[in-house]
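This report refers to the structure that appears directly beneath it.
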Amino acid sequence: MDYQFHWNIVFQKMPEMLQGAFVTLHVSVLSMLIGIVIAVLLAIVKMNHSKPFCYVAIGWIEIARNTPALFQIYMAYFGLGALGIHLSPYVAVLSALIFINAGYLAETFRGGFMSIPKTQYSASKSLGMNSFQVYRYIILPQMFRRIYHPMTNQFVWSILMSSLGILVGMGELSGETQRLQSLSFRTLEFFIVAAVMYFIITKLVLFSSSLISRKLFRGEI
Amino acid sequence: MINIRNVHKCFGDLEVLKGIDLDVNKGEVLSIIGGSGSGKSTLLYCINAIENIQKGQIIVDDIDVHAKKTYQDKLRQKLGMVFQQWNSFPHLTVLENAALAPRIVKKLSREESIEVAKQELEHVGLGDKFDVYPTKMSGGQQQRLAIARALAMKPDYMLFDEITSALDPELVGEVLDTLRLLREDGMTMICVTHEIAFAREVSDQVAFFNEGIIEEMGTPEQVISNPQKETTQKFLSKVL
Amino acid sequence: MGSLFTPLSWNDTGFILTGVWNTVIISVVAIGFGTLLGVIVGFIRAESNRLVNTLLGGILDIFRSVPLIIQLILFSTYIGAIGHPLEPFVAGSIVLSLYSMAFMSEVFRSGFESVHKSMQIAARSLGMSYWQTIFYIRLPIGLRAVFPSWLGVALSVIKDSALVSVIGYMELLRTSDQLISRTQQPLEILIGVGIFYFIISYPLSLYGRYVERKMAL
């Protein structure tokens, strides 16, 4: 069986595909930024062991880590809808990604923090540093190195998982591809181009991340 | 001058210091010897206010270390401390390790802090390692870095907590040489150590700790060469 | 029966259980094949020279750099277009297996590489052959070392199996999607689905963390 590929139609729609790719990046970056802020709070609360909040943090983290992303998106889109909270596809996907990113990153941050030996703290204190200085100059910079690569991976994961927007009619790369192919029925061509674009975006992110890390982190730990 | 009066320290139910009295004058070297668990390291931590105490007083230059009104971060600038595990800052170069505290704690300018750091690093023989990261160095070199890092704060006293115990035997010498250098500079030092021969050589006073009290104290000749107490004799016969 | 929508009832249990079963079975198949292929590919990568290693790594990287949902759509559209359509279960199993193989091979490669050369030399010096060394020394040690990471990948495959719904496989989430359209009770149904995934995933992830802690000691 031969299948005739027709690429022209895809190239004509390139501006719309790129627009979709932009939305993909947009939603992933935003989900990371907000996710990081919440993750810091969750990690601190969990490490503090202060009773009611601690359980909220543990609940959030474990639900985010132990249920499918698609489930989270359905919850945000259909589930909240049943409660009268109607989110747009974009906001629904964004909130689901934030929820999951926060859960995973909270554990990453906690692990990174725990991996810094307590003796670094006493050594810094013995030099006369106050607690703020110990964190600012000694603990956090070391912690940041250890969480940098897991954070990059989480970002890549967000880019790939935002493709689930296709299932709630969101206009990111996959959803846009779906819409465009339905107009022309060149399903294969459109999705092959989308796949290549995801691949390129992912590689670009990983490449720039390693460039930045080489600039930022000279010594090794 | 450091005056220690009737200091008691507990970890939960376990009393590790049971009434310690000690005086260290300016320019003196005090060595503390004793078995593990005798409380000798804990005393250093209490002098540096890393651990609190339950009873008694530790006075450093007329400042009560554990009084409520004492600003302990400020006080620690007077007291340099070096640990058994060298605790280098792995994300900073050797030079940055030594220059950081003078800059952010003593608020020296960047140039001044680097100047001080370079001086102290050269003093301990790390003049060719400024831009190296500590994880690339031997334990002995990292321990000398820890000494230079503490010295760069220009402390009045230095506290050494078994600083050769975690080193490979062939690296112990270079670190002890650095301490001899400090002794010649007239630095006031308290050394918790297992190197009895070294203690005899450099100390003005030696204190033998046993189960949270000072069993015997005096000149190296008195305590190490002619110990009076049976516990001291037993300990020395085991380590010498 | 005048209404278009009918509420959730006990009669739906069978339908939901089919979805549960389908999710379980495709996960087991994908994890099984993914592990088998992952061990083989991981071992080849650990053993082979730089060129082969980079080449294999590059190919596997595609599976990890393109969203699973796109892989599923592409594969099922392609086999349809060339005139060999497959059952959603078969097509989904193939894609999900390859996808998990890509992650598993990475896990196993690092496991095999972590077995020290000295241990192999010791084994050879006892008179073991090359293959004996592999079966009695490298495989058992390498496999044991990566168990927590392997479990992590396996759990993510279970969760990702929800995406096979996109090519028409009636797994749990698609089943509930259809129930939601009929009953208009999304919250109750979705919470039920969430609890199901959580009950499977959470104990296993706890166990993985427990093993990891024990191995760290």
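Descriptive notes on the structure:
To keep things simple, chains are lettered A, B and C as they appear, and every chain counts its residues starting from 1.
One rule holds for everything that comes next: a contact is a pair of C-beta atoms (placed from the backbone, for glycine too) under 8 Å apart; a residue touches a chain by one contact, two chains touch by 3 or more.
These numbers come from a predicted model, not from an experiment.
Compared with chain B, the chain whose C-alpha mean position is the greatest distance off is C. The interface with the greater count of contacting C-beta pairs, when A-B is set against A-C, is A-C.
Compare each chain's C-alpha centroid with the centroid of every protein C-alpha atom shown, and the nearest one belongs to A. Separating the centre of chain B from that of chain C, both taken as means of CA atoms, is a distance of 55 Å. Between the CA-based centres of chain A and chain B the separation comes to 47 Å, rounded to the whole angstrom. Centre-to-centre separation between chain A and chain C, using Cα means, comes to 21 Å.
Across the interface of their complex, chain A is touched by residues 45, 48, 50, 73-74, 76-77, 79-81, 83, 85, 87, 89-93, 100-101, 104-106, 133-135, 146, 149-150, 153 of chain B. On the chain A side of its complex with chain C, the touching residues are 1-3, 62-63, 65-71, 74-75, 78-79, 81-83, 156, 160-161, 163-164, 166-167, 174, 187-188, 191-192, 194-195, 198-199, 202-203. Those residues of chain C that touch chain A in the complex are listed here as 62, 65-71, 73-74, 77-78, 81-84, 155, 159-160, 162-163, 165-166, 173, 177, 180, 185-187, 190-191, 193-194, 197-198, 201-202, 205.
On the side of chain A, the complex with chain B involves touching residues 117, 119-120, 122-130, 133, 137-138, 141-142, 145, 217-221.
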